[in-house]
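One structure below.
Chain nomenclature is as follows: A, B, C, D and E, assigned in order of appearance, with residue numbering initiated at 1 for each chain independently.
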């Protein structure tokens, strides 16, 4: 029956050589463009501080910040580690919590009507206002911290995943129904993959938000001293008027945020590149 | 040539009557289910406070909160108004800013590479750390407030709209290219409508976030005293241990959040109900 | 001259003297048109002063100028309105906490981050038994403290004790840090070194008018000032203001120690150096700082306005 | 596959396997897609639904399969086990009019799906998946993603997916419309062979009069506005059919009659 | 529409309007969809591309239209104005193999699209849109959304969209595959009539040998693996064609030859 397969799937090594080269050229550009942009911005910053003679306690020069970053690394590095731990814990529970809730909400219109207002309430309640309650009822500071972080970070995952789950192609739903798929099978084999592009957009939001969550949670419920994270160091520097260190801490926070964003974007690309419009090149 | 149109598009009044009734039955349920849920939760809360004899400075009873809401309405209502103003301003600029940036990012891979890290930086920078800078450079407190609010709320819109814009069907892109559509036409007639479901999920996140943004901005840059919003009232009640009022303020905040969510969901439904899988009933 | 003065919190009795000087025209008499810019949670009034948007700021305690000296920030303190910082630690009664040292026995102390970074470090060095494990963050809501008898919390002597007593229905134990050895000045008038250099005359007038304002507020008719406070902060009650003034007098917050001799606002080199020594010992600030630029005794301890005290 | 009853029943006889009784379908926008349609399909029959575009063939097929409820009327599967909601359980293969593939899954995984849903592991399914793919000529594309396939290839994957479970009943909605004539002819013959071999029941929507005559034991002609059955026609030529049948006079005559019927189905609306 | 040259040129002569020169297309996954394909289409011709499923017909058509660059080789539109990127400007109508409708727009708005992109307002476009819809028999469905249409109806909307601009060149990728034979025949006749009337150039991908013979002035047969042209055939029957032609011996002969060619196109890969 090979009579019916008519197309060559033979990888054409020779023809592929050219695009491969230009692809790696693209890779290089992918690194260079952001670096050039970064250099330009830092240059602008340095120039501004220099030209307008901005005192260092208002806006320190990049050099000063870099120096403070190096000098204070023992303190800041340790704080970064603490913050990172909370961030990833927050991200993990936000993802799990968000997806599980989304699955629940999509099960039925009634559950959605009954529960979603409370999700919104969780989202909009200022942490600082309910931190005392959390502190009172949480068994440990660690738990309180995670509860706070979760409250801050889960909503985008929930909202996006919900929209994604609902956007499943009706024809495919019919197909699954027809073949007697169980609800779980439909969920795992159909709805969740279909929701991936939405979920991944939510993930990119949640990545940064988890970092914010870690900071906010630390403000509201965290520990200080040796075990304290970047948030504490930040406030402390502000309090101590050590503005270069404040900016160094800020810089670390930003770099972490960008790294997380890069990682989530990469994950997103890897998961979609074989099939989703948003990640494949338009070839025809 | 009517010979070719073969299907009846005549609304069948009689046949439709039944579903219409069940639809309005559904409408009633749509109101009842959340109300029942609300009543249950408030009941639980009242019972818990009563049964475990929780002192009112830890968790006031619903009745107390309601009473405080009524008594303090002159103060809280005014504060709510202030917060609402900031919220809607924040939402508006977050939407506009997010969409415009998303459009920009999608224009080219290079712009995306160059700019998106800074968007992330804006997202993850703790407002409290850069509020002084904003206050120094913003021409007025009002502007500073809006800048803060924008920083908090724009990212979900940006991230989602970007993903949505990128998810445009390649075949339709081909079609537009073929008919010589200008980039602007492609944007307005194709990419933006295609991104709608994503954008609307982002909108639902941004709605709540704008409220948070208003609160955070008020903390960081807002004026206090007579012209202050809910955030300030909240902190102040906390500070004064007027916990019933704290909860009343919290309640207002939550109600506002739920109302905004309801409104954005409604908008979302209205914009998608004719064509998108997520909003239409599965009929075949 | 038009100047503005940024406070560190919402209008309250603790700012009374400044409002008094606005209300009764003392500033005007001194040729000043003063605008008071209220602070608030997370307000950035010091940054505004450093950026030249305001001229004076109300500093919380001496640690701030110490930091400024360390970081080379051109601040200068020109008067110390509060001789004692009104910071207290609050404990439940009947739990065996009788002396300040006893606080070390509690498993939990709710403190703000700045408290942790400053006086708690000093407590660890000055008294035995305090440990980092006791620290829990204070979110300006006393509920967690009220819920846990085995805890203490920080407070401002004029506000939290009042509320705790009202809500909790008991009279809490109060330990004024200043009386236990943490003897920083507080509510200092701060300006920038540049401003001081180019407008010494304005600074002098502002300081003296403020001092007179304080005397009048504490010992004279303060109704006009209180009305101004209530206008800026409608939440403020007469009851609270009266309580605050009484407490300030009872604990000698404003008018005690050096102020009794040199007048309100008095700050001295010896006092500052001695407190600096304690803080160095506690590891809160670096040793060997040159403190000379960050304070000036030029405008105070001259007995200005003492005659107004009754 | 086991309980097949008899071979190539040509007549509408045989025990009825599915029965539509006075089925109407009105969509929520008011379109009446079907009105009072009754149809009985016997076990082992090969029935074609023929009718103009938009007359409700797809709707009828979906309702038969239990997808989308009828507005009025009943659908019955007398001999099939039912689940709680009255839908026939398993043993149905369905080819949708559109390929309906999961874009995130390879061709292999798409075809494996119906087996997977019944708990067959990837390895255990290998032989059946590959032989189904081979039948439609796509065994070399097992690892491709749907977007890398041409229109006709996607449709063939969908056909392979319907065949992989060897279902007793096969509902196919224009499965071969996107295929060239040679491929189509081959698949026609394959389908007929399988039908005879396993005693399947097939309901087959097509636009092609020739195809319907070549394949079916019965042709049901539908008209639109509202969708209904206006003619039925038995094709009582013997099986197996082949080139001989396709070039016979008899075949031509059947085609002529079916075309006539179709024409009148369209004409039925002409005056509207 | 204005600069049409002449009527119904049957020969591959006429000034060339589009020329593929040694075009190859390799997709990024390594599939060679086209290899060294050369083809010249003259102004006023009606050329059918015939070939087995997956042989690269759609790919060739898209490359002709300037969608997706060729990996090697050149595409030229000698007589058409070009934009900066070398794509022929406007005046092309394209029917994709899939309906490719905007789901958020009504049928009317979908058909209006090409006019709208050239600045024609909704009201000004009304007459042309409605007459295009009438031609495909969907004028009553102007306010429906695509999801409310049957498969064939969607495809007809897509055809109406391609016709609404009355383009000089029409590229159609299996436009009638989803339509019943009567509708299809009617649209075939409509298309031929328009072609003659306006002197259009049509490139038409189809799976149906009969259709290609009935419509074309030339048939190009392609084979797969890699996609290439293996045969060309002129259908030098006079126009207008009608029932007479379709029942003529000549027609049968053309069909036989085309089928033969298609068969050999498939056979060309048989030994692989």
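List of remarks:
Everything that follows uses one rule, which is that contacts are C-beta pairs under 8 Å (C-beta built on N, C-alpha and C of every residue); 3 or more make two chains touch, one makes a residue touch a chain.
The structure displayed is predicted, hence computed values, not measured ones.
Note on connectivity: the fewest chain-to-chain touch steps from subunit B to subunit E number 1. Work out the mean CA point of subunit A and of subunit D, and you get 47 Å between them. Averaged C-alpha coordinates give centres for subunit A and subunit C that are 42 Å from one another. Subunit A has residues 2-7, 9, 58, 128, 132-133, 136, 169, 174, 235, 276, 280, 282, 284 in contact with two or more other chains. Touching of two or more other chains is recorded for residues 27, 29, 31, 52-54, 58, 62, 67-68, 98, 144, 150, 153, 183, 266 of subunit E. For subunit C, residues touching at least two other chains, in rising order: 47, 51, 139, 141, 143, 147.
Of all possible chain pairings, those that touch are A-B, A-C, A-D, A-E, B-C, B-D, B-E, D-E. Interface of subunit C with subunit A (complex): residues 47, 50-51, 64, 67-68, 70-74, 113-114, 116-117, 132, 135-137, 139, 141, 143-144, 147-148. On the side of subunit A, the complex with subunit C involves touching residues 55-58, 128, 131-133, 135-136, 141, 219-227, 232, 235-236, 239-243. Listed in rising order, the residues of subunit B touching subunit E in the complex are 1-7, 9, 169, 171-172, 174-182, 185, 189-190, 193-194, 196, 274-276, 280. Every residue of subunit D that touches subunit A in the complex is listed here, in rising order: 62, 65-68, 83, 87, 89-90, 92, 94, 96, 98, 100, 102-105, 113-114, 116-118, 134-141, 144-147, 150, 153, 156, 165, 183, 186. On subunit A, the positions that touch subunit E within their shared complex are 2-12, 15-16, 19, 281-284.
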